[in-house]
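Each structure below is given as C-alpha cells.
Below are two complexes that have subunit A in common, paired first with subunit B and then with subunit C.
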Partner chain A sequence: MNFREVVIAVSIALMVLLLAYVIEAGGLGPIAPQRLRELAASYLLNTYNPWNIIQSAQSLEAVTAIVWDYRGIDTFFETSVLFISIVGVSLLFRGYREKAGISNRGLSEIVKTSTKILSPLILISGLSIAIHGHLTPGGGFQGGSFIAVLLVLLSVVFSLDFVVERGLSTSRLLVLRSLGLLGVLATSVALLVVGLLTGVNAYIFQNMVREGASLSMPPWFLDRPTGGTLLFFNVFEALAVAAGLSLAFIVLSLRREEVEEALEKGEWYE
Partner chain B sequence: MELVPISIAAISALLSVVATYLAVRSRDMMSAVVFSAIQSTAYALIYYVLMAPDIVLVYVPVSVGILPAVTILLIKKTERYEK
Partner chain C sequence: MSRALSYLAVFSMTYSFYIVFSGTTSLFSLVLGSLGSILVTVLVKSLLISRELSLSDIRRLTYLVLYYIYYMAVAEVRAHIDIAKIVLSRKINISPAIVKIPYYVETNYGMTLVAGSITNTPGTIVIQVDTGRKYFYVHWLVAKTFEPARAREDISTSFEKYSQKIFG
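Now for the complex of A and B:
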C-alpha cells in the first residue's frame, strides 16, 4: 500500500463523512414539515400507537404501513401486475434456455475489480432496505430492485455465464419469483387460516388486533418492532421483485444462438 | 432555511429540462439513454427535497439501473444512430 492509495482512501472516507454531516445537519432542508393535513395527521398518529392497537399497524414507518397494511390489497394487485408481466415475458420467449460458453468474458479488469468492491455494498443496502422496511424509508420493492440492479450489473460485467454458474438460471429465478408471490399470499391469509382452524373471527390482510378479531401477528421480535405482517411482506416482496426483474433482463438479453434454439422449441410447442 | 430545499429543487428541475431536451434531440441513442438517466437523477433529487425518500429509493435503481440496461439491450438489437 503506497502513499497514493492511502490519500485516495482517506479522501473517499472524508467525502462520505462530510456528506453524512451535511445531511444530518439539515443541509438539504428540514427533515419533517411543520404543518400537516388531517388525513396525514391521523395516519401519523395511528401508524405506531401502542395505546390504540385497534387502529394501529405497529410500524414506525407510515408509508410502509399504508402500503402493506391500510391499503394492502392494492399493493397485492400491484405485485400481481408485475408477476403477470413476467409471465408474459417468459411466455413470449418460451423455449428460451441460456447457453453456456457463447458470451464473451465480460468487461476489463478495472471494471471487474470495482464491481467486486461495489457488489457487497449494493447487496447489503438492498437487504437492509427490505428488512428494515417497517423502520426506515424503503420496503420490499425498493430492496428487491437494488438486488436486481446488482444481478444486472454482475451479468453485464462478469458475463451471463458467471451469474448462471452460481445457480441463478432463468428457471430457478422463475421458481424464486413464484416463491416470493406465494409467500405474500400466505402472509396475507395466515391469520384468516388460523382463525378458521380455531373458530375465531379474522380478516384477510389482518395485521394487528382489530375490532371483533382478537388474532394478531407478533408485533415484537425480541426487543425490535416487526410491524407484524409488514416484515414478512417486505422480505417476500423483495425476493419476488429481485428474481422477477433480473429474470426479465436475462431473458431480454437473448443471443443469436439462443434465438435459433428457442425458435425450434417454439415450433415444437405449437 | 426554507430557501435551500426550494432552490435545490429549482436547480434540479432546470437540469432535468436541459437533459430531457438533449435526450429528445440526440441522434445517438446511447447518449440519449445517458441524458435520460441524468434527468432521472435530477428527479430523484427533487423527490428527496420534497420529502419522499421511499420514492427516491425506488426511482434510483429502476430509472438509473434497470431502465437504461433494458434500453441499451434494445439499442444493441436494433440501430444505434437515428437517421
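Now for the complex of A and C:
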C-alpha cells in the first residue's frame, strides 16, 4: 500500500461523508416534500375506498387505478400508438415471406433443453403479473413484455425457423394483437352498451358506480377486489403487448432470404 | 391415460411455480392462476414432453428428489469447501485446464442435468457439448488428469448415476 492509494481511499471516504452531511443538513432541499399535494392526496384516499365508491376505482394499486381508470382514455390512446408503430414496422417490411429451413442450428443442446423447461415458467409469471396488476406493482404492459421475452429467447436459442414452424407466424400474432386491442375496447364500452340496452345512464370507461350512473363492473372476485375494469384491461393489454412486441421482434430479425422479395419490390416501386 | 398424465405433469410444474411466484394463496389468485396454468400447459406440452409419461415414472421422480438432496447437501458443499480452501490459502495452488469427458446418458434432459450439475458445482464449468460423439468439454480449476475416463470419474460419475435413473 503506497501513499497514493491512501490518499485515494481517504478522499473517497471524505466525499461520501461530506455528501451524507450535506444531504442530512438539507443542503439539497427536502428530498421528498413533507406535505402531499391535494391531487396526490385525493388519489391515495380514493383509489381503494369502499365508503366512497363514487370516486373510487376499488383497486389496491394506485398506479394501475390512475393509468386505466382515472386516465383511462389517455392510456387507450397510448396502447393505440404502440399498435400503430407495430403496423408501421410491418408496413416498412411489406412483402416479406416467412420461410422455414433456412438455418436450424441455434445454441447448444444444453441451452435448448433449459429454455424448454423455462418456457412455461416465463409464460405463467407474465400472466401472474398481469392478473395481479391491480393488487401489486406490475400490470398488463409489464406482464405482456415478460411474455414477449419468451419469443426472443426461442428465436435466439432455437432460431426463427423453430418459432415459425410452431405456428407463431407474424400474421397470427397480428390477429392476437388485434384481439387484445378489441378486448380493451370492449371493456371500455361494456357498461355503456349495457346502459344503452337497458335505458340506464352510463359512461365510456365507467368502472364503479358513478354520480348518476348506477351500473358497476363486478368489484370483487371471490376474496379479492378486481378493480372492476382494471382486471380485464390488464389481461387484454398483456395479450396485446405480448403479441405486438413478439411481432416487432420477428419482423426486425427476418433473414435475408425472407426479405429478398420485399427488397426487390421496393426497388420496383422506386 | 398416459397423455393425461403428461398434461398433469406439465400443469403441476407450472401451477406450483405460479403459486410460489405470485406469493399468495388467496382464492382469487388460485382460481385465475389455475385457468392460466391450463392455458400455458396446452401451449407448451408438446415442447416439453417427447415421450408420454406412465405411472411407473413416479419412481424416477423419487430419484429426482433424492438426487436434489444429495446434490445440495453433499456434492455442492464438498465443492464449495474445496474452492474456499483455494481462495483463502496464501499460496494459490491451481492447475486450470480444459478436459474432455464422455457421458453416457441418452436423453437431452439427462445430459442437461449432468451438464448443469457440473457447471453449478464450483470449480468446473461445461463450456461445450458434442452431442454427436457424446463428450463434454469441461473447464476444470484443479485438473488432476487429462485422461477422459479418469476425469469423468472425478467430475461427473455420481451425477450421471442419478441422471441415468431419473431421465434415462
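The criterion applied here is as follows: the second predicted complex is superposed on the first by the 223 of 270 C-alpha atoms of A that agree within 3 Å, B and C clash if a C-alpha of one lies under 4 Å from a C-alpha of the other, contacts with A are read in each partner's own complex, and residues count from 1 in each chain.
Criterion: a residue touches a chain if its C-beta (ideal position, glycine included) is under 8 Å from a C-beta of that chain, and two chains touch if they have at least 3 such contacts.
The shown structure was predicted, so the numbers you read here are calculated from the model rather than taken from an experiment.
Enquirer: Who does A:223 touch here: subunit B (first), subunit C (second), both, or neither?
Expert: In the superposition, A:223 touches subunit C alone.
Enquirer: Taking the superposition as given, does A:185 touch the first partner, subunit B, the second, subunit C, both, or neither?
Expert: A:185 sits against neither subunit B nor subunit C.
Enquirer: On the A-aligned overlay, A:253 touches which partner chain: subunit B = first, subunit C = second, or both, or neither?
Expert: A:253 contacts subunit B only, not subunit C.
Enquirer: Please indicate which partner A:209 is in contact with in the superposed arrangement: first for subunit B, second for subunit C, both, or neither.
Expert: Neither partner.
Enquirer: So, A:174: does it touch subunit B (first), subunit C (second), both, or neither?
Expert: Touch partners of A:174: none, neither subunit B nor subunit C.
Enquirer: Would you check which partner chain A:138 touches, where first means subunit B only, second means subunit C only, and both and neither mean what they say?
Expert: First partner only.
Enquirer: Quick one: is A:146 in contact with subunit B, with subunit C, with both, or with neither? Answer first, second, both or neither.
Expert: first
Enquirer: Where does A:156 make contact in the superposed view: on subunit B (first), on subunit C (second), on both, or on neither?
Expert: Once the two structures are laid over each other on A, A:156 reaches subunit B alone.
Enquirer: Could you pull out which subunit A residues touch subunit C in their complex?
Expert: Touch list, subunit A to subunit C: 108-110, 112-114, 116-117, 119-121, 123-125, 127-128, 131-132, 166, 221-224, 226.
Enquirer: Show me the residue ranges of subunit B that touch subunit A in the complex, using the header's touch definition.
Expert: For subunit B paired with subunit A, touching residues are 1-2, 4-5, 8, 48-49, 51, 53-54, 56-58, 61-62, 65-66, 69-70, 73.
Enquirer: Please give the residue numbers of subunit A that touch subunit B in the complex, ascending.
Expert: 26-33, 63-64, 129, 137-139, 141-142, 145-146, 148-149, 152-153, 156, 245, 248-249, 252-253
Enquirer: Under the definition above, what is the set of subunit C residues touching subunit A in their complex?
Expert: Subunit C residues touching subunit A: 10, 13-15, 17-18, 21-22, 24, 26-29, 31-33, 36-37, 39-41, 43-44, 47-48, 108-109, 111-112, 115-116, 126, 128-129, 131.
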